[in-house]
Structure formats: structure tokens, C-alpha cells
Amino acid sequence: MASEAARAAEAILMVADEPVEPQLLAQLLEISPARVDELCEELAAAYQAEDRGFVLARVAGGWRFRSHPDLAPYVERFVLDGQPSRLSPAALETLAIVAYKQPVSRAQVAVIRGVNADAVVRTLCQRGYVEEVGRDPGPGQAILYGTSRLFLERLGVDSLADLPPLGDFVPGAEVVEALERGLGADDT
Amino acid sequence: MASEAARAAEAILMVADEPVEPQLLAQLLEISPARVDELCEELAAAYQAEDRGFVLARVAGGWRFRSHPDLAPYVERFVLDGQPSRLSPAALETLAIVAYKQPVSRAQVAVIRGVNADAVVRTLCQRGYVEEVGRDPGPGQAILYGTSRLFLERLGVDSLADLPPLGDFVPGAEVVEALERGLGADDT
Amino acid sequence: GVSYAVQTDVFEGPFDLLLHLILRDEVDLYEISLSRIVDEFLAHLDGVAAALDLELTTEFLVIAATLVDLKARRLLPGPVDVEVDEELALFEQRDLLLARLIEAKTFRDAGNALEHLAQAAGRSWPRTAGLEERFLALAPDLLAGVTPPDVHAAWLRVSAPAPPPPRVALDHVQPVKVTMEEAVQDLVSRLPGAGQLTFRALTEGLSERIEIIVRFLAVLELYKQGLIDIGQAITFGDLEVTWVGEEGSVLAGMDTYDG
């Protein structure tokens, strides 16, 4: 029977997007950082013994799950064949909103586009075109996004000022109101 | 010794950020989709037997690693965004109408609910549970809505066929009789 | 009724209010009366009108008018002064209202069930870490071929003002010439011979939604009388209606519906 702490560590590491520091895990699991490292080493050894296709690795920032290096050829195939090779119109629209309205939260993007943008923003972040640039000062402290250096490079421009100007479009009252409130997707 | 295909599936699922369809895994692993499902079911059963803190779940048409529900108290503290806020009763009722009657127009939703549905449908689109799926061929070409893949994911079901049948919710005789009495249909 | 007015804003339309008034917990379901429902419904109207939402007010008024008609019909000493056509029309309206309440209640309960599923599923979080850095370099450049004007065009696409929403009219669904009695007669003439028919087959050729609802009510009526069984093999599958009664045993309770 696995210990509660070990299981909780597995759960947290599974949903983490970045390496998790032992100090943070220690705090969440209410055990010592040294014990966290022990637990994670035991887990890593178990995965190895079971010949799993993933590893639990200690990297610079802490512990993280990753695919087993042996299986890189399959993951490469997944990257090449299983991922979209170009931006969908919907993704391009999301990117355009981030470019022109930055800094902007995902909820604001959703209000402007009228559809949920979480997955697209995640992909754009992962590919490095969009990055976190701050936190909304209001309640909830939503993550604010902006475009990256890479975005400008790939578009072949030096700065945002080189993008075609916004134009004199005036957004609808509803959109303006939602932007002013910061959120507003949840209250109907 | 775990099979190469099972290990490769684990590796790919570890780097995927949405459910991976068995067809895609089948293509990458050069086995049949049915075999993919078998493999994934075996992996899921193994994680359960080993009492892991994560699960491999079949959701929204594909396979995905998720944290084990038992460990929600720990993961909650770790995840910054938290789970999406709850939907209002009006939004839930509308979501049910779209789920069970799709494809459906806003006007059709309004007729069932007895109240304009535009704002609620807009909210559900922004939340990503509902999306445009087509146009009514009749005059006016009303937008038709259906539920999204995210909807299935949020409900933790694999497909619409896994939702409870609508017949389960038709009110019982006692309620129907109460409604009849309320409208004066009992003793005329 | 003054005390109810403060709650009016929590009701999402007339069906919501009616369902609340009829089915609220503190009321014994067997002591419900039309008079009381009408009084309480009207008490809420002030609050609705005060919200200055013309569309919403209209929706409440349409239902209120039906309720008041029904109540007025009850206060008459007998059928002497009543036009038969008017009376039938009134009871058709009542049956339609009943059918719509049943439908609204069905979807409300379905919505609650979806919420429970979501609550349970919400205790588990998905993995979203995505590709490790060493694979990112392999990933195709999603911006290949995308130019600054493309980004600008995409922005213009999403920021263009939406066309005005189409006006939703609820009144066009009202007047359809079909009665419960006709619907029951039709079922009774077809089902015993066929044994089992799908609801789809029973509503074939009906184009108006209300005709289908009345047909559904007729099915419910026969079900209540124990003359048919209703089954559904799979989710979203056809409703199967099976005749289990004897041929002469029909229409015992039909006076419930034709007044």
C-alpha cells in the first residue's frame, strides 16, 4: 500500500507544468524536504523497476515527470505527426488579440472571441509565441499574457509598433464592459 | 518486462496536453486502435493496482493522465487557477438542453426555457462548454449549437452516449400530478 | 403576496417561477390549488415589471393571462355561459403549458445531474505539461508563412461588431389545432395493432413542436392509465412505446384533459 504522501506527490507532479521544488512539495505534503527527496527517489526507482515509459527526474528546478529517453523516437513521431503544423484560424485570432490587447488575461480573450481560449493560449505559450507578463491586480489575480520576442522574430518585425495599427474600430459596449470588469464570463 | 508499445504509449501520453485519440496512438505505435485501448486499459489497471496517485482515464474520446480524485485536497492547494467556477442554474439547464437536443438554436432553447437564452448561450460558449456546430438550413439560417470536447472532459465522460439518458429526468407521476393540480387540471 | 416580490429576480422566466410555486419544498404536493398559484404568480408580476425588462415582462404576462383564464373558468357556476370552442381552446393552452413545464423540469433536473458529474470529475486534474524542451525544437513553426497583415486581419475578424441578435418570439408556437383527445385517439387506434412503436414513428408527419408535445402528453396519459409501457434502450435512442392494455379499456380518465 503506497503512502498518502507518495501518492499526493505523484498527483501533484502529474498536474505540474514545471519542475516542482522539494520545498514546495514538502509544504504541501507536510513533511520535510529531505523526506520529499527520499519519496521521489523511491518513486523513480519503482517506475524504473516496472519498466515504465516515463521517468521521475530530478532537474534544476525540482522534480518532474518526463518521457523515458529510450522512447524519444516515438515522442518525436508524435511531435511531427500528432500536432498541428500550422495555426488554426481560431488560434491566429487568439494570438492577434494577445498581440493587440496585451497585457490580457485568458478570460478577457474569451470575452472578445466569444469562445474559451485556455487550450490555445497554453499552446501558444508552450511554443514560446506568448508569455506570462504579469498578474491582474484585481481579485483572482488572473495571469496576464503578452507576445514574446520570438513572436516578433518569426513575424519579421522589430517591435509591436511595426504591426499594422489597430484601426479605428470601436468594440461593442458589452466587450468594453467585460474588459473593464476584468472578468465577466461567469455571471450569467 | 513491459511491452515497447505500452512504454511508448506512456511516454507519448506524458507529453500530451489533451486527450490522445486511440487512432493517433495506433498510427504512432503501428498497432490497431483496439489494441491501443487494450494496452491503455491494462496500464490504467496497473496504476490502480499499484495504488498510484495518478490515473490513466478515457475521457472525451481519448486517453489522458490525470491526478487521482482521492488526492484532490493536495492538488487543490497546488493548482493556482483552481477549478472553473460553478455554473448558474440557468446555465446548467441551458447546457442540458444543448447536450440532449443538439444541434439546437438559441430560439429553440428559448422556447424550452420560456425565456431568452442569448446571454446564457454566450456564457457557455465563452466557458467553452458549448460551440457553434452549424447553421439551420431553413430561413434565417440560425446558428446551431452543440456541446464541445471540453464539455465531455469537464464531465469526465468519454462521449455523449455516456451521459445518463434524458428519460431518467422526466418527472415522476407525483410531480406531474402536482403540476396538473397547480394548473387546475385535477377536478374539472 | 408582498413578501414574494423581493425574490423575483432569482426567477429565470415564468416557467422557473411556476415550477417554484408548485413544487417548492414547504408545500404539500396534494394541497396545491390553482387559485393559490395564480395569486402568488400575480404577486410576482409587480417585481418582474419593476425590472423594466419588456421582453421578460411579456413572457410572464402571457403565462399569467393563461392562468387567470383558467381560474376565471373555475369561478363560473357551470358550463352554461361558456362557448365550447373557447373552453376547448383554454384547456389546450393549459395542456401545452403543462407539457412545457414538464419539459422545463426535465431539463432542469438533467442540468443538476450534469453538475454532479462535473463536481465528481472536478476532483481530478488533467496533465497539461506538454512537450519537453528537447522536443520543442522539432515542433513545426506554427508561424511559418504568417505575416503582420495576417495577424491584423485576424484581429479585425474577431473585433468586428457582431450582427444584432435575432429577435426571439415565443408567441408563434401557440395556435395549433390539436387536442389531447385527438392525440389519444390516434395512439389508441394505432398501438394495439402494432404492439410497439417508437415515439418517432408516432409523431411522424407532425411538424409543429406543440403537436409533438401534445402527443407526448397523450403518451404520458396512457402510461398513467397503465395501457402502455415506455422504454428507451440507449441514451438518445428512440422512445419505445409498447401497448400493454386491452382494447376495450380506453379513455377511462380522459375527462381529466377535455375539461
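As written, the chains take the letters A, B and C, and residue 1 is the first residue of each chain.
As a working rule, a contact is a pair of C-beta atoms (placed from the backbone, for glycine too) under 8 Å apart; a residue touches a chain by one contact, two chains touch by 3 or more.
Everything numeric in this text was worked out from a predicted model, so none of it was measured.
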Among all chains, whose Cα centre is located farthest from the one for chain C? A
Need the central chain here, defined by C-alpha centroid distance to the all-chain C-alpha centroid. B
Expressed in whole Å, how far the mean CA point of chain A lies from that of chain B is 22
Here the gap between chain A and chain C, centre to centre from mean Cα coordinates and rounded to Å, is 41
Indicate the residues of chain A shared as contacts by at least two other chains. 14-16, 65-67, 75, 122-123, 126
Multi-chain contacts only, two chains or more: what residues does chain C have there? 125-132, 135
Would you pull the chain A residues touching chain B in the complex into a rising list? 1-2, 6-12, 14-16, 20, 24, 28-29, 46, 50-54, 65-68, 70-71, 74-75, 77-78, 81-82, 110-111, 114-116, 118-119, 122-123, 126, 185-188
Chain B residues touching chain C - in the complex, by the definition given at the top: 13-18, 54-55, 57, 64-69, 72, 75, 79, 83, 86-87, 89-90, 92-97, 99-100, 106-107, 110-118, 140, 142, 153-157, 160-171, 173-186, 188
Inside the complex, what are the residues of chain C that reach chain B? 12-16, 18, 21-23, 29-30, 32-34, 37, 55-56, 59, 63, 67, 70-71, 73-74, 91, 94-95, 97-98, 100-115, 117-118, 120-132, 135, 165-166, 168, 170, 173, 209, 220, 224, 230, 232, 234-237, 239, 255-257, 259
Footprint of chain A on chain C - complex, ascending: 125-132, 134-136, 138-152, 154-162
